[in-house]
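Below are two complexes that have subunit A in common, paired first with subunit B and then with subunit C.
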Partner chain A sequence: MMDLFSSFDPSSGIMALPLNWLSTLLGMLFLPYILWAMPSRWSFVWASLLDTLHKEFKILLGKGKATGTLMFVSLFSIIVFNNLLDLLPHIFTSTSHLTMNLSLALPLWISFMLFGWVNNTKHMLAHLVPLGTPGPLMPFMVLIEVTSNLIRPGTLAVRLTANMIAGHLLLTILSNAMVSMSGIIILSTLLISQILLLLLELAVAIIQSYVFSVLSTLYASEVD
Partner chain B sequence: MLSRLALRSLQEAKPVLLGIRSTSSTAVNKSSERDEVNFPHPVRPIEPGKVRMGFIPEEWFKFFYPKTGVTGPYMFGIGLTTYLCSKEILVMEHEFYTGITILIMVVFAVKKFGKGVAAYLDKEIDEIEGVWVNYRKSSIDSIKKAIEEEKKSQWEAQGQSILFDAKRENIAIQLETAYRERLANVQSEVKKRLDYQLEMANVKTRIEQKHMVDWIVNSVRTAITPAQEAAALKQCFADLKALAPKDA
Partner chain C sequence: MGFGEYPAEYNPKVHGPFDPARFYGKPDIPFGEVKLGEVGSWLGRRSIGGLPSALSRAFWRWQHKYMLPKKTGIAPFCQLAIGAVTFFYVINYSKLKHHRNHKYHW
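So, the complex of A and B:
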């Protein structure tokens, strides 16, 4: 049965091996060749983008002993390529599946929490009560903070999944309408499609929110 | 890029690329183990590869020319598209129209912002290249200047020998002056001695003369007898009387 969500569950593979997940690595084809000391146009753009990101994350991670921004920048790269390539026709979006996003978010969060709780237990416990809460409110604040901490991986993953699915779904609906339309109204639907696509390109901004949220988690829980 | 490598013959491409970057291979340490004929170093192209209709490489068109002429690749493209559409391999469903919309957007964006973005990026890359080129050029310039200064200091060092000659001459002049001064000294001293001797002789002669005169006078005086003295006196009285005025 072909319904609206069929584009999200293709199964193209050998026997039972789902090869459609290989689209995750499709972004690697877009990485620039850096064969010479002089950059080409695309390698310059990519290098300056990553440079900006490294600087931003370094600031966020603070003046710790070891500020490793590589993981977050590579996280950003894989998500940005997957989200942008989703817009092109017939390409499977791996980041629109909760499986993929949870497998990105959960290990990160669990490792941060384990490290923080095992090594700086007092520090972590102290952070459960924000500064300046009135006395009687403290037990509830602890509960709230514990809850917010616990659902962090869920929010990270679900945020990305929901954004991707929603955007792609809208596009699908619009283009389905365009299939069965005839006349000048096609022009207006084309226009709306264009605007929506531009909006979807703001999926790139969602990557920023993803990585920033991961970073703020790390920053808040460990260094400070 | 891989398709270009597959379809392009290196003979026709090499002169174009090597001509542009002929200076880059002169300063590189070449390893002797690499087979340069079968595995040449990739040369950095200056211009992006020629494309037709924005994204199809020229080499794909040229591939058809010997067999089919200039309409070949277009017929191939139209035929292939028709085949895919008719056999429902390329299904015109919602994704297809999304693709058409994206194509329109991309064409619009490239036509509107393409030149500006490319110019900006080229400027940035030229800045980076300028840093490297400037470093090399300024190193060469400073080393050339150092060579010039070295030559100048060598010339100055040669000029030192003239200075030595002048100094030698100066000292010779000083020595000559001192010698002449001492010569004059010697002359004056010798003259003084001789003058002294002369004076001595003069003085001796004078004293002798005086002594002789005195002796003659004294002897004459003692030789005068009293009779002569009285006769002289009488004569004097007589002369005086004769000379006295007559009225006295």
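So, the complex of A and C:
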């Protein structure tokens, strides 16, 4: 059992120093720089991707007072790079750790809540009862909305962690099975399923980062 | 020379626009042309405080060659990916060493 999860261990072989966390910063090496008046092709691709995201998040944030989308787009960037780089062999997945994801989700949520409750208390209280609730149901709806608000950072973090761990673990288990199996039919089945899983992992990596940032955007838009 | 500042020897009137990949100090013998007996003195002229700027110039030289041209291909991303894989393989090696023995038992 220890071997299955040893790829999620941040301590490296060198004196057990947690050097593996450096993979979080690895995405920065992939970012385009603009030195010349004519940007490179990669600059254009990255800029158009960020442009699409900015527009998307702008719609989600609505016409509130604060419509800065930079934080959410950069959140998306760090998560997508970490998730995608995890698919390469031996590279550590920092987003598969609850520590990392909670440190992304908790400050966001706490700041939104503090800002909302301190500045727009009436607005936030009104949000606790959804539109069109029948009268007798209102106390329970308030309880449910409070609970759902309170577990938001948890769900945000745990969703990303669980997705990354589950996908990685599935691939590891399949590969372990393939190594000790003989017989061409089983081997080819496992091979095909592993390739399909890898494709799924690619999609999940990108989608999960998108989901994380979109949800944080929505939580931010609720405050205003 | 601090972080984010121009090197002390850079002069825009003499050198033109700043190129982060260029060394603006006094030119020294390139390492390929140093005689074997002079290696010690050549190394003595280097200072450990110049290492961050040397790494930065190396990074920018790589950027100039691969990432900044108009028509970048997939080469720099493959280089980064393989470099990262090797780096993480090396630092995790002692955790992976026991995989050699897998063929001897199940």
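Criterion: the second predicted complex is superposed on the first by the 174 of 224 C-alpha atoms of A that agree within 3 Å, B and C clash if a C-alpha of one lies under 4 Å from a C-alpha of the other, contacts with A are read in each partner's own complex, and residues count from 1 in each chain.
In this section, contacts are C-beta pairs under 8 Å (C-beta built on N, C-alpha and C of every residue); 3 or more make two chains touch, one makes a residue touch a chain.
All of these numbers come straight from a predicted model, not from anything done at the bench.
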Which superposed partner A:Thr155 touches (first subunit B, second subunit C, both, neither): neither
Subunit B versus subunit C as contact partner of A:Thr52, first or second or both or neither: neither
Subunit B versus subunit C as contact partner of A:Asp9, first or second or both or neither: second
Touched partner set for A:Ser23, first subunit B, second subunit C, both or neither: second
Touching partner for A:Thr99 - first (subunit B), second (subunit C), both, neither: neither
Contacts of A:Arg41 with subunit B and subunit C, given as first, second, both or neither: both
Partner chain in contact with A:Leu190 - subunit B first, subunit C second, else both or neither: first
Which of subunit B and subunit C A:Thr172 touches, first, second, both or neither: first
Subunit A residues contacted in one complex by subunit B, in the other by subunit C: 33, 35-36, 38, 40-41, 88-90, 179
Residues of subunit A that touch subunit C when the two form their complex: 6, 9, 12-14, 19-20, 23, 26, 29-30, 32-33, 35-36, 38, 40-42, 85, 88-92, 179-180
Residue numbers on subunit B that touch subunit A, as the complex places them: 1, 42, 44, 48, 92-99, 101-102, 104-105, 118, 121-122, 124-125, 128-129, 132
Subunit B contact footprint on subunit A (complex, rising order): 7, 33, 35-41, 44-45, 48, 87-90, 171-172, 174-176, 178-179, 190, 193-194, 197-198
Residue ranges of subunit C in contact with subunit A within the complex: 20, 63-64, 67-72, 77, 80-81, 84-85, 88-89, 91-96, 102, 106
